[in-house]
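First chain written, first letter: the chains are A, B, C and D, and each begins at residue 1.
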Amino acid sequence: MDELLKEIYNEHLGMVGEGHVADYIPELAAIDPNQYAIAVTTIDGQEYMIGDYETRFTIQSISKVFTLALLMKQMGEDIWHFVGREPSGTTFNSLIQIEQEKGIPRNPFINAGALVITDRIINYNSKPKHVILEFIRELAGSDDIYFDKAKALSEFDTSYTNRSLAYLIKSFGNIDNDIEEVLDVYCHQCSISMNVVELAKSSLFLANSGRNIYNGNQIISPTATKRINSLMLTCGLYNEAGEFAYRVGLPGKSGVGGGIVAILPGKLSIAVWSPELNKHGNSYRGISTLEAFATKLGISVF
Amino acid sequence: MDELLKEIYNEHLGMVGEGHVADYIPELAAIDPNQYAIAVTTIDGQEYMIGDYETRFTIQSISKVFTLALLMKQMGEDIWHFVGREPSGTTFNSLIQIEQEKGIPRNPFINAGALVITDRIINYNSKPKHVILEFIRELAGSDDIYFDKAKALSEFDTSYTNRSLAYLIKSFGNIDNDIEEVLDVYCHQCSISMNVVELAKSSLFLANSGRNIYNGNQIISPTATKRINSLMLTCGLYNEAGEFAYRVGLPGKSGVGGGIVAILPGKLSIAVWSPELNKHGNSYRGISTLEAFATKLGISVF
Amino acid sequence: MDELLKEIYNEHLGMVGEGHVADYIPELAAIDPNQYAIAVTTIDGQEYMIGDYETRFTIQSISKVFTLALLMKQMGEDIWHFVGREPSGTTFNSLIQIEQEKGIPRNPFINAGALVITDRIINYNSKPKHVILEFIRELAGSDDIYFDKAKALSEFDTSYTNRSLAYLIKSFGNIDNDIEEVLDVYCHQCSISMNVVELAKSSLFLANSGRNIYNGNQIISPTATKRINSLMLTCGLYNEAGEFAYRVGLPGKSGVGGGIVAILPGKLSIAVWSPELNKHGNSYRGISTLEAFATKLGISVF
Amino acid sequence: MDELLKEIYNEHLGMVGEGHVADYIPELAAIDPNQYAIAVTTIDGQEYMIGDYETRFTIQSISKVFTLALLMKQMGEDIWHFVGREPSGTTFNSLIQIEQEKGIPRNPFINAGALVITDRIINYNSKPKHVILEFIRELAGSDDIYFDKAKALSEFDTSYTNRSLAYLIKSFGNIDNDIEEVLDVYCHQCSISMNVVELAKSSLFLANSGRNIYNGNQIISPTATKRINSLMLTCGLYNEAGEFAYRVGLPGKSGVGGGIVAILPGKLSIAVWSPELNKHGNSYRGISTLEAFATKLGISVF
């Protein structure tokens, strides 16, 4: 595995300059686009890593996987009364679908769906930001994970589209709490900073039928785990989900910070980080890395 | 004219129960749906009225005509850089058009367009609410016109869709000011209360080439006046503009308070009030009244 | 009037090269873009003309006014059960509106609406092409008007979008006849060729309360006439209807052959021809000519 | 396995009357809704079956899997120049996506995509209907499979929406052949009749890395096979693909004839038939059967 990661890493080291880093949040625009890291963790406790694996980045939309898991743990299947499970077919922050489908977001991984999930987490937890952070710390087996408060604030100040989405959903009655509070929690969850090793570790329960190998806790049921994986496969990469399933063939979730995590059920989790994004908002070097990884190992869920 | 109004009034007195009063603002839902009034004012100073013509109602979206006229007076043709002049083809608070057309509202009479107009009025005037109220008082030739502060507050508290619209427009850079301030001014302009006589008088300048007969001031140019009239004809009644042009044949503007005003250029203005609305959000008794008025007098711009 | 037309003509003679002639029909692409003509006819029988007023061009979508008038004469108000009266808000051949509104076209002047009108004309007339041509000949007071069969065939062979529209409408049950037959009649009506004088004359009944001044016949009622005029004002220039109402202020209808006709109710009709089109598919020199005409004469319905 | 199928069969025997059989094709509307069959085939040659497993039904949209495999075999990856790989997010015969995305269908499993696939099969094969039928016969290891000509003709005569789609795609230049010919081939492929055993056998190569166990031929490459499976998972059940992935967790494809086939890569294929459809056009008893099968066996790709 060490050899394989080294091979893939070297093949991709020069793959920069074909996209641009996220710039809609001022704090994200300043990042060095050359940074690149890969980490693999296996359910029997092995860890492999290469590149800038000690550097932390904000997980952004990858946090949607964790908040979904947290709320599924707290609410169970009732969650599907207020958010759907179908691919969205439009861009990740589109308002059209919300207007046409009366305030029910298509799935938990578009921004609209994640805002609704966050709203319900606020309902169920008196200190929602604290609870989300502690949940991710438990998953990663580490207390050394934090919000990047500057990025949270930067995103909060410029979240016009997300505020528009949130107010639209509220106009249909599908958000309970004050929009500014929902946005505050949401921007904090997006700002959680991890390196690729921490990201791979915190996602490993999804490869292990929902059980955390670091403390032995069953986080969510095996069935719930399969369902999150199926959602990641069909909806995890915005408008590029089909392409990702086609090229990589693993459940995955990306964030505009340049991170992507993917799951091989029963085996391992892999996290990649490379800040430059393609037109769909996904790290193109990250996708190419995962495609090489899946192809060279001959792995795929299909 | 007195006889004509009496005849039309009596024919329409029983036309109630076919729709419902606006209920999206709690303060509007409590209104007595049987109320009904008509007023005609002519450019040579005649006034005719019948029914509940002393009762005031909030003008709601009719205020969009006045804020448009005010901003055209202050900015001239530059206004069309940030708002369009075409019919919208979708419901009056739709977000789809804004998303598809990159933040430029189709016209000044959909909510999105009116919010942009209000935003620019804030740019041009240090006391925007005061300036709007004084402008309407001048048009009506009366200082005895006020905001209905309770209704303004009621609308402000529940304006989720308008906040969603405003934040979406701001995400495209087409609103300058803080959304809460824009909403505050907007909800105040909607809450301005007039009776049908005051409403007909305040609209009369549009039938008189832009000149106010009460103080002799040229409010806006004859050309600007024609243009507002053309916008009222093509866009004044939401998704029912074509139907209104077809049945009534006069420029008009409606509000969810149940008021409608129509203009016969060179001759007169007519205001009707009846609170029950049809599915398009327009007073159906108001439209029928105007149709009867236009048909019996044989007037139409066509 | 002769002086005025000469002045406007000279001001606009050099206005070419800012757009392109219609090229979606091969037969239209070959036209000389410099051609330019204006004609005015008045209800008291005066005729004024300048430029290439003897050259015929295909009237294309202007034919929609004539088929609407013909069907209103034959069916009356029942026509509105299967076609709407509202502006479309989308491009002139869009399928989206048809799909969303279950096969009922928004108005008779978008292609979808015109296809439905033509379908019903086939229902009501055993020789529909002949009846349409004879109707227009009567309106123009001339038997010397013909189909341009080559252009009709050229359009018929390449009408993929219109076939798509027609089959979609048929899937909702709102077209009765075979699609190929509907397309054949439709392409023929579009191919009718007239010069500006003939076009102004054939539209003059719309300025004369529905009465033909050439044979004295009442073609359609004064009310029906007003209604066609209102539809021309709100829907006559595709996505530029609001702009045309704003700048010109008269009911009008354009065709991709470069012709535009406008009506001043109670007074006159004016036809302009200049083949180059703007991005909305309207003759930009034609619109500018009509704007100058309306402005210099101080006419407008508003 | 025999016991398992019997258990599932008995649990689902009474699950009828909650939907309706497809009626948009007259020939389909007459079917007995109580019919129900399950068949499983494994890559080591085992076959299990229960219920009405000898009765044939038209495979309808399931044929899209076979024509996709055929064209991938003939064209390779070039296929993706004219059809996408993303979930559609709208109903299966929607025209909106085609209009917005300039004639490129979202994926090969919506009707628009399948029409484009069929068009290219016509380009590559002089007897396309014959070639498609022979391809499926090879897959199923049987020469005893036929078109249902009556159903093909019935669908051909009423395919207004598909004609509309096809002409729209042709207007963007993405269909080469005559629409009537494309429709003829398409309606024939949809009319291919199989029983569940034949359907499971003809799909088995997708569970076997593209190799046909009946004649040993490598139909398509292992990579191409994985890719078809990923498309089935993300796009195989119209607007219910996410739900199917969530509940069943296997690549699958449904048809309005009531059939559904699903694949467990490396193991088996399973076909179910029950004619009544839910609002998404999928056999609800079929989906429930597959969910029970996957749950009781503890299988899933996730």
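The rule is simple: contacts are C-beta pairs under 8 Å (C-beta built on N, C-alpha and C of every residue); 3 or more make two chains touch, one makes a residue touch a chain.
Worth saying up front: this structure is predicted, and the values here are computed from it rather than measured.
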item: Labels of chains that are neighbours to chain A and to chain D; value: none
item: Greatest separation from chain C - chain, by CA centre; value: A
item: Whole-Å gap between the CA centroids of chain A and chain B; value: 47
item: Length of the line joining the C-alpha centres of chain B and chain D, rounded to whole Å; value: 55
item: Gap in Å, rounded to a whole number, between the CA centres of chain C and chain B; value: 32
item: Multi-partner residues of chain A (each touching 2 or more other chains); value: none
item: Touching chain combinations (by label order); value: A-B, A-D, B-C, C-D
item: Complex contacts: residues of chain B adjacent to chain A; value: 94-96, 99, 160-161, 163-168, 170-171, 179
item: In the complex, chain D residues that touch chain A; value: 84-90, 97, 106-107, 225-227, 229-231, 233-235, 239-243, 245-246, 249, 251, 265, 300-302
